[in-house]
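Dropping a structure here in structure tokens format, bear with me for questions.
Read from first to last, the chains carry the letters A, B, C, D and E; within each, the first residue is number 1.
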Amino acid sequence: MAKTIEEIADFMFKQVSEAQEVSKKLKPGDLTKLAIKAFGDEGVDKKMGKMAIKELVLSGKCVYTYFGGSFLELPHREGAAND
Amino acid sequence: DRITDIGPPDFKEYLPPAVKKNYGQWKYHEILEAGVLVHVAESGDKLYTVRCGSPRLVSTTSILFYTEIADKYCDGFLRFTSRHNVEFLTTEFDNVAKIKAEMTEYGNPVGGTGPSITSIVHTQGWVHCHSAATDASGVVKAVMDDLFEYFNEMKLPAKCRIALACCLNMCGAVHCSDIAILGIHTAYPRIDHENLNKLCEIPNISASCPTAAIRPATVDGKPSVELIEEQCMYCANCFTVCPAMPLADPVADGISLWVGGKVSNARSEPKFSKLAVPFIPNNPPRWPEVTSAIRKMVEVWAENARPYERMGEWIDRVGWPRFFKLTGFEFSKMHIDDFKYAGLSFKRSAQITH
Amino acid sequence: PKEYKTPMLDELEKGPWPSFVKEIKLAAKKNVMSNDLLGLLERSYNERLGHWKHGGIVGVFGYGGGVIGRYTDLPEEYPEISHFHTLRINQPSGWFYTTEALRTLCDIWDRHGSGLTNMHGSTGDIIFLGTKTDELEPIFKELTEAGFDLGGSGSDMRTPSCCVGPGRCEWACYDTLQRCYDITMKYQDELHRPAFPYKWKFKFSGCPNDCVAAIARADISIIGTWKDDIKMDQAEVKKYAENGVDIFNDVVLNCPAKCMKYDGDKLEINNNDCRRCMHCINVMPKALRPGDDKGAIVLIGAKAPIVEGALLSSVLIPFLNIDDDEEFEDFCDLVEEMQDVWCEEGKNRERVGEFIQRVGMGNFLEAVGVEPIPEMIAYPRDNPYIFFEMDEDEEEEEE
Amino acid sequence: DRITDIGPPDFKEYLPPAVKKNYGQWKYHEILEAGVLVHVAESGDKLYTVRCGSPRLVSTTSILFYTEIADKYCDGFLRFTSRHNVEFLTTEFDNVAKIKAEMTEYGNPVGGTGPSITSIVHTQGWVHCHSAATDASGVVKAVMDDLFEYFNEMKLPAKCRIALACCLNMCGAVHCSDIAILGIHTAYPRIDHENLNKLCEIPNISASCPTAAIRPATVDGKPSVELIEEQCMYCANCFTVCPAMPLADPVADGISLWVGGKVSNARSEPKFSKLAVPFIPNNPPRWPEVTSAIRKMVEVWAENARPYERMGEWIDRVGWPRFFKLTGFEFSKMHIDDFKYAGLSFKRSAQITH
Amino acid sequence: PKEYKTPMLDELEKGPWPSFVKEIKLAAKKNVMSNDLLGLLERSYNERLGHWKHGGIVGVFGYGGGVIGRYTDLPEEYPEISHFHTLRINQPSGWFYTTEALRTLCDIWDRHGSGLTNMHGSTGDIIFLGTKTDELEPIFKELTEAGFDLGGSGSDMRTPSCCVGPGRCEWACYDTLQRCYDITMKYQDELHRPAFPYKWKFKFSGCPNDCVAAIARADISIIGTWKDDIKMDQAEVKKYAENGVDIFNDVVLNCPAKCMKYDGDKLEINNNDCRRCMHCINVMPKALRPGDDKGAIVLIGAKAPIVEGALLSSVLIPFLNIDDDEEFEDFCDLVEEMQDVWCEEGKNRERVGEFIQRVGMGNFLEAVGVEPIPEMIAYPRDNPYIFFEMDEDEEEEEE
């Protein structure tokens, strides 16, 4: 049964939140793979994963970050940022 | 109504009329003098190009000056090259001398065509980069000042492409240059055990090390990493994924020089640059040891190579022993490869010069 | 604004080569950020040390690339460059501009940033060098309204670039400007929203001279070539000889295929053995030209040393009529197939060239559905450590 | 009074008088006809050599026949070459034809000089070897019968060195031959769990595997090993250290063909042979598929190469696509290297023929 | 003796090439072992399978090499070759023989073995093919009394071999026959008593044509070369040209150093760039010869694929006046130093070339006390992954 984009985005948001608690960073590709693993091939495809990520970012719940590779994280103050 | 994903402007709107008219219909070209080309179209149209050196780091003030020149002589069009030069295209031969005069006067000399040294492709260095092992613009300025005669004259055996990257990340992908200037660290990363776990993911750091020199460890009760120093070759890949492992050091940072690479498929196949000088300490503002080593390489090549022979092609013909002999550069254990494909770099033949 | 003494940098205003110090000073006249940059850079020259921190979070809303966050580690002393972020702006194909477009860009940048640029960055973008976090959205808004968009950064498709091609080069074997534009437009999402294991670069060169270093720098390197005979004008050959070209030593002896003969009068080419290296054409552009049956070689996998060592791209498609829309679409399908396989199996920070080395070229080809052909290799294996695979027929027979 | 460690006889006692006299004083040589050389000394002395093919596997009966010839025409001296030929050296030109006649009559034809195919260096095969994946002498005999015209005539572009090894151990070090015939297994080792632990040291077996495909395991309560089949490439190194892991198989054993290697430093540097045909099943007594594939290679080379161009030099000039096209050999995934230096074997250039 | 039908093998008596089947049959007439071998081989031809077991223990008293144990796995059916061991007998340098010596060898072998030989084995030895365990000591006794000794096998120094050299070749740049003999005699203990991690081979070639494949097969490859100019006789060059040698295409164009010029009359060589490849000399031996300042290149590390892949030897000493006794002694000292390091650090079945690859050439040179020089490499490293080592002075300064 296909999931809605919102459901997938919610799932991904939860993954990002949990990962961040243990200082772990997830890549967009990781999130899609996790979603497919959780909901099965018939629940999510790669395109839906992509749309869910777009939704996450446009809603402001997640931001892209870069440390030698691009990740999705909860918005937070930059460690290196100057006030 | 936020505009996104529109991509770049359509280049067709930015093409000068002569280019639009003769698009894909060019017949041949000639180099009229250093920095000046003429392209002749099947239609008989002639398009003159004046190529001007640029410092790459350009102020809007200078860009606006370029637009003035382009408005005056080039119908309001101009272009840049893949090596940071600015080019003025005109169908009027008379404009060539005028563009040349005005640009030179402003400080952007004309040259860089044919068997010459053109602008150096380079990175940001201390101007902007967090991982630089040297400056970029300053080294480039010092080197090009020294080699200027090879920019505005065409007196070399072939073209010579110089590039600079201020650390091993090689944003400037210098690895296929006739001469590559590469910023290099030679001090181990200093691990900020206090903050490492806050800033970075430990398994990620371990995985980043090409020689597996970094292992998870608990230091003062905090999760952190330890470094097996003998396995570290200062690549700074760990720093790239984790800012809590800086390597930069005023004494241990410096420049390595590499030689004999090429990208073009003409004559020989593309090849990587090879190590010539492993380390020269940073010596701003003019890095005299760097400029003189580069001049040495250019001069021995210019004296000994045959026409059309790129630096690396010349060395391939006469052999690396000759290169080290003529330049006087010291050969050491560091020159002998010990990475993945090391074995193939040994001299596995009895073809030898004496 | 503070006045900085810059004796070190002043040294770099001397000499015949254009001075970046002059440029920073020009910008500093108009702009306090550039003025503080001058001071900080002088300090770096004295200390032989950079003073920048990496900032991994800044960007414009909804995009994951195009902005490089940067902060000085001495914000108290150089407050104007406490933030000093970079924007990458997608250049037009071939770096052609109208003066009007450039003036618009300068105007935006003078109002919102340092007034310093790179024309252009290594990947090809216009680089706007130094602005504050708060300015990012306003700049982006004005840029898109002016018809410009951000380029790539991070684990995404990087801004594609191309040589001048048919715009001003008689050697262009396909329309580099157009195909670069097409790819850029087709993959806007991949360019702005990083979803790959690492960077993914396209470069388009019109001929094997490879003026944009596609074979050294792009994951997908598209290099023009031709299939038929080199076009030759014997009269022009003669003229080159009369004008001092040593055709024997400079042309014939330099042919890597040894496929030329010259009797002092006529030049002969055995086109069957010709490798399309461009050397003879480069030496005598008036006499020799690429043939008429033109297209491109697609090569895959180039990268700089980090992490697993530098690679040059290697042949994937020896001849593609890339100007043909149908063949171009097929090529795009293959590109997407490769992306999928790489995204599925690639490790973090593993470029596609490294991925291919790890899994083996043969396995990679199988995964993306491309037949192995000898054009893909410099030489067949020289070791007898073969993983034999029965073909399917044989396997069935055995059952 | 057991005699040991005396080493070989001093060669000086075995040198013919003309050799002793002109030792180190040879001036030049000529090839008078296929298999016949004359060496001229500074002294003016001429020494004729008659080179005769041999099956390498020689009975004392035949050796004694050779000694008769040598006694008759060569003052009681003879020598063998590094490729198993037997050579008769004489200062009398008249003896040449006589030696040739008698040797040919006995069954040892004369040839193998200059641009020809000389005797095949090979191993023992089924005649004597415990790890052979094919026979050696039989394949060699079949191949040389087929190529005989290239032994006793000199009509090739250059010399062509063929070698055979009956398994990957390559006692015959065939890896730098113009054409290498290599016996090859394609079945997994059959583990004799019953006896393995009695015959072999388990850690040794694990360590012997170049791809780490063999792990210690307990099978039916006995210490033994297990094989990860996907990682096995049939090298038989495990069998070499442990007889309880045989691979030989009537159907899965066969021959692979390799091409383009050379040892000499003349013109190009020495190079390895490369895979041409991955597998041909054993088809005794005459291995017709092997002989015809080899003839095909020799013929396309002979037709297309320039004078002095060895097989590998010709292929390097015209490219491997041409080789596969002209021979009609199938190109497959198996030809693409996936061992250590695989990456360097990809075609990393835009130099391409169409 | 049994009479075997051998229809398969009989096929291999036909054809122009000398037949090994004829040889086995000749031996079988005199010898029951060879007769059973014939039967067993026919069976292998039918079954497409070998029938030999490895026997690793047999040998002569006090030696660890020189005998290869072999047993058939069908002893009931072929009882005469239940044992069928091989002996390796150290050949004289250059494979020169008196007929008397050969007759002595044949006599010993006919009385104690199968009467079958290889003239010679791949490594260079005389191979006596097939005898019983009980015969080994009697054979060894008779051999040594006749002045012959066993060759190497197992993890020892293998029997050195050399080209014909000054015995009959104008290109010999040093005395291959003598130095091969010297090394063999000097290291008798290393040859007969295996004490190394794996095999250790020497091969001596008098010039870069390398007729004994030293560069491909020997751990220590000694290849003749010269330092001064190629000796040239212009009159003979002319004669070659008159007799049809295409000097331009066949000689000049084939020069890897591109160091020759030919104007249709005179040949010029830029000896400074000459690589001593031998090609021009090979083509015109009457006109061109190696110079007078002769010696050898010492290269190290060749091997066949097992275990870590095939290797060619690489340059260790670019020029050694090996005919000079003092330089030869120094060379032997270095050889022993290398043995020591390899024995100390090498793994089981690791050839010295693999060992060098594993520890790094630079570290190996350091360990054996040889200065690194550019002659040792084809090219310097192309990756920036340098393990910097401060030199000692600098380290002291830092303390």
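We adopt the following convention: a contact is a pair of C-beta atoms (placed from the backbone, for glycine too) under 8 Å apart; a residue touches a chain by one contact, two chains touch by 3 or more.
These numbers come from a predicted model, not from an experiment.
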- Item | Count of contact steps on the shortest path from subunit C to subunit D | 1
- Message: Once the contact rule is applied, which chains count as partners of both subunit B and subunit C?
- Response: A, D, E
- Task: By the contact definition above, name the pair with the higher C-beta contact count: A-C or D-E.
- Result: D-E
- Hey, how far is the Cα centre of subunit C from the one of subunit E, in Å? 50
- Using mean C-alpha positions as chain centres, tell me how far subunit A is from subunit E in Å, no decimals. 63
- Item | Chain centre separation in whole Å, for subunit D relative to subunit A (CA means) | 60
- Message: Two or more other chains touching the same residue: where does that happen in subunit B?
- Response: 168, 175, 204, 208, 210, 235, 237, 240-241, 243, 265, 269-270, 272, 339-341, 343-344, 348-351
- Shared-interface residues of subunit A (touching two or more other chains) are 67-69, 80
- Note the residues in subunit E that touch 2 or more other chains, in rising order. 208, 210, 215, 223, 256, 258, 275-277, 305, 309-310, 312, 382-385
- For this structure, give each pair of chains that are touching. A-B, A-C, B-C, B-D, B-E, C-D, C-E, D-E
- Which of the residues in subunit B end up touching subunit A in this complex? 195, 197-202, 204, 208, 237, 240-243
- Item | Touch list for subunit C against partner subunit D, complex | 208, 210, 215, 223, 225-227, 256-258, 272-277, 297, 299, 301, 311-315, 318-319, 357, 360-363, 365-366, 372-389
- Query: Tell me, which parts of subunit C touch subunit E in their complex?
  - Reply: 253, 258, 305, 309-310, 382-385
- Query: Quick one: in the complex, what on subunit E touches subunit D?
  - Reply: 8-9, 11-12, 14-24, 26-27, 29-30, 34, 37, 41, 44-45, 47-54, 61-63, 70, 84, 86, 90-103, 105-106, 109-110, 115-120, 122, 124, 129-130, 141, 144-145, 147-149, 161, 163-164, 166-170, 172, 175, 177, 181, 184-185, 188-189, 192, 208-213, 215-217, 223, 246, 249-250, 254-256, 275-279, 282-283, 285-286, 289, 304-310, 312, 348-349
- Task: Could you pull out which subunit B residues touch subunit C in their complex?
- Result: 2-11, 13-16, 19, 23-24, 26-30, 39, 47, 49, 53-64, 66-68, 70-71, 76-82, 84, 86, 89, 107-109, 121, 123-132, 135, 137-138, 140-142, 144-145, 148, 151, 165, 168-176, 204, 207-208, 210, 235, 237, 240-241, 243, 248-251, 253, 263-270, 272, 282, 284-286, 306-308, 339-341
